[in-house]
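Just so it is clear, A, B, C and D label the chains in written order, and each chain counts residues from 1 on its own.
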Amino acid sequence: MTPFSKLRLTVWNEYRHELENPLVSAHYPQGIHTVLAEGLRAHGFEHVQTATLDQPEHGLSDEVLEQTDVMLWWGHKAHADVSDDVAAKVVARVQGGMGLIVLHSGHFSKPFKTLMGTGCDLKWREAGEKERLWVVNPAHPVAQGVGEFIELEHEEMYGEHFDIPAPDELVFVSWFAGGEVFRSGCTFTRGSGKIFYFRPGHETFPTYHHPQIQQVIANAARWAAPTASAPRSFGHRPQPLEAL
Amino acid sequence: MTPFSKLRLTVWNEYRHELENPLVSAHYPQGIHTVLAEGLRAHGFEHVQTATLDQPEHGLSDEVLEQTDVMLWWGHKAHADVSDDVAAKVVARVQGGMGLIVLHSGHFSKPFKTLMGTGCDLKWREAGEKERLWVVNPAHPVAQGVGEFIELEHEEMYGEHFDIPAPDELVFVSWFAGGEVFRSGCTFTRGSGKIFYFRPGHETFPTYHHPQIQQVIANAARWAAPTASAPRSFGHRPQPLEAL
Amino acid sequence: MTPFSKLRLTVWNEYRHELENPLVSAHYPQGIHTVLAEGLRAHGFEHVQTATLDQPEHGLSDEVLEQTDVMLWWGHKAHADVSDDVAAKVVARVQGGMGLIVLHSGHFSKPFKTLMGTGCDLKWREAGEKERLWVVNPAHPVAQGVGEFIELEHEEMYGEHFDIPAPDELVFVSWFAGGEVFRSGCTFTRGSGKIFYFRPGHETFPTYHHPQIQQVIANAARWAAPTASAPRSFGHRPQPLEAL
Amino acid sequence: MTPFSKLRLTVWNEYRHELENPLVSAHYPQGIHTVLAEGLRAHGFEHVQTATLDQPEHGLSDEVLEQTDVMLWWGHKAHADVSDDVAAKVVARVQGGMGLIVLHSGHFSKPFKTLMGTGCDLKWREAGEKERLWVVNPAHPVAQGVGEFIELEHEEMYGEHFDIPAPDELVFVSWFAGGEVFRSGCTFTRGSGKIFYFRPGHETFPTYHHPQIQQVIANAARWAAPTASAPRSFGHRPQPLEAL
């Protein structure tokens, strides 16, 4: 079993807000991906690389994809600029065993929507209001070390209904000062791949600098790592097993 | 298939607060069970009876149990006064197919704890604060006709962590003004019996007079009705099916 | 609530095997869809129509789709001939609340694969071997009235691994004489729509004439009917609820 | 995080068949617990102890319980001889975070039944027939390294319906030559504790010597280890968080 420190992580970021909006670059001068990658390295991951939308092939060549154990995905206003081809390759890699951590507005990304089979829509409000993420599944490895809740002083609101399939496991539920709730930490399995959706992280707030948020993301990267899973084989089996 | 109007419902209530506390009897002069029963009749159920703790056998004779399709359970301060024998009979009836709707502080009742296999504890606060129950599973029959959320101006707070097994289906999540969230509408199956836990209903508030709350409870009674389910048989099968 | 007899059902069938292969037309001289529709009518559904691949728009005009409460889908060798446009409309209708019952080789249909987000592959063998579908969830309405198992003397084998997301509910598990097992009856929810996948029904066997199989399909049609579900609304909510 | 090799495992065995029946002692001369313990040590666990029914306190003193991270449980004909007090302590430890692996006829043990809230009954036949355990959840860590199925030439049959709550995750489904199926590998969480039920292991067969069976049990011991889980706190919270 691969020690977790050797897992190969790729942090994918749209990386446009940071280049255009000083409110964003104030928090993330080198991009959201850089802060995410540094947080993961601080938690002991030795092989963390980044990739962004405007790189060739969005930074996700076949080689990069093949050498990624767990991918993180942050995107927001340019989901449509992700090529169908790259999105399909990411989906195929997840189904083949790569872990995927979808962050915040990544709920509307092509890979996530394809893997869910639903519209993935929700309610939202940019009022910088307080969010409190309650742990509802304390035994889950993704919730280790974060206490009973995480409090974020200022975040964008996401509210139910969140149009996803019933998650395999529900780990966090968010409370918002403005009156809404949201299923903020959800696990799914598709094929051999594990998926964790984690809500917080609007670009105009310093959320990804928060120690507990970094802890959850590091936990999720470990949890989503491919297992040396049972082989999956398909197709024609002309001989009954009982006759072999 | 029995028309829902013919389902035989038994509303069980501890019925002590109402006799001792004028704040409670102000809302429920004839007991919480009476208001619940009237709400169900108003939704078309023709066979609604009530039973209370201080009746002989707590009002739950073998005959009553055998003739109940769905039971509602409200208890709070006298869980320990329910005899182990009657609690065990209720559990057995649920496992045999009777529906069970557990209300509010019934989370700590003997039947519910036995059916869950967990401690069923939670956080609580009596501050009369606002509760908003959000529908997170809009396709579920229990949520029919209630809109996107139910708002209760004054309720007791229940907060996570709620120590239950992961519910089969999560239908409602509550937001509380004081800062907590709670999984407020949860379904479970045990044996052939369907169980719905529904959080609201503190005795000092008029919650069970609320039209949307009555709607959810009526929905739940229909949903929890026994199905003409597949028979369940157990035990020794000396002959292989393939040899019969 | 619509009486179930008034539900509007559309049975969609590829309808090519029956026109080309006398082994198939021997069982289904007027097509699989005709036998399925007759079985549903015999169970009390008054509004059952059929649609087939080679009709204009595959028989699934916008008007037909809008007036369908539950759709059944049988396809096998011509999945690719279903237009992406019609497949997308079916998916959208399911997400909007239409029930969908996917039969046998429909596991590889465009709508099902899109709604699952997985490859939906499996093992198979055409040896006409015995299949026994065991009820593992006897309280589920889809299993009503079928006894502990359904035995089919001759069927195509489908074997695990079946590449689907973990179903919301598992109702049937198949045993095959040749040595495999299969999750044969699975429920899913996508958006407001309920989906039931039901394995049996290879075209060269008279499976859809079998009374218990017809019973399950009728049960599923009732179960998958749209509920007067809670409204789902999405998008910008500039005003906090607490400020309204 | 504790390296898995340092986990403290306690293998509990009824240990009566082996002392009375030469057919059993032929396979397990020093008891089933000894073979299970050796298998775990061979997979790298350094702290494996055993306990048996006829030891004082069934070998499960408070000290032993407190120092156990994961317990394995094999019992069959003497479930009633396990004291209610010890059974209750085991249940409490599981709810508090101890992992529990329930083997074969342990389905009827006091701790398992209490944790499930159901009758846990099933069908059975001692015909020494072939069992094939199919992996239906290949990404699950409990299924690592076992291939697509495990074949046992001779085992007791257990058949559906298995009267348990719907498992959180279904990992294995068994096929039996005699015609039945069974949900053979099931996960549950109760409180902070993870539970894995694993079907095979009738005392008159050498099942626990089988390398793949040992692999699954070792996987399960790692999977069920307590996480440094989020704290769970309960009770009165007089101050709204928002007022603190």
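Everything that follows uses one rule, which is that a contact is a pair of C-beta atoms (placed from the backbone, for glycine too) under 8 Å apart; a residue touches a chain by one contact, two chains touch by 3 or more.
For clarity, every value in this text was computed on a predicted model and none was experimentally measured.
Common neighbours of chain A and chain B under the contact rule above are C, D. By the residue-number overlap criterion, the interface of chain A with chain C counts as same, with over half of its numbers used by both chains. Farthest chain from chain A, judged by C-alpha centroids: B.
Chain A and chain D have CA centres that are 33 Å apart. With touch defined as above, residues shared between interfaces to two or more other chains in chain A number as follows: 132, 135, 137-138, 148, 159, 161, 166, 168-169, 177, 179-180, 189, 191, 230, 232-233, 241-242.
Only residues 132, 134-138, 148, 159-162, 166, 169-170, 173-176, 179-181, 183 of chain C touch chain D when the two sit together in their complex. Per the touch definition, chain A reaches chain C in the complex via residues 91, 95, 114-119, 121-125, 127, 129, 157, 159, 161, 163, 165-166, 168, 177-180, 188-191, 230, 232-243. For chain C in complex with chain B, the touching residues are 97, 132, 135, 137-141, 143-148, 168-169, 177, 189, 191-194, 227-233, 241-242.
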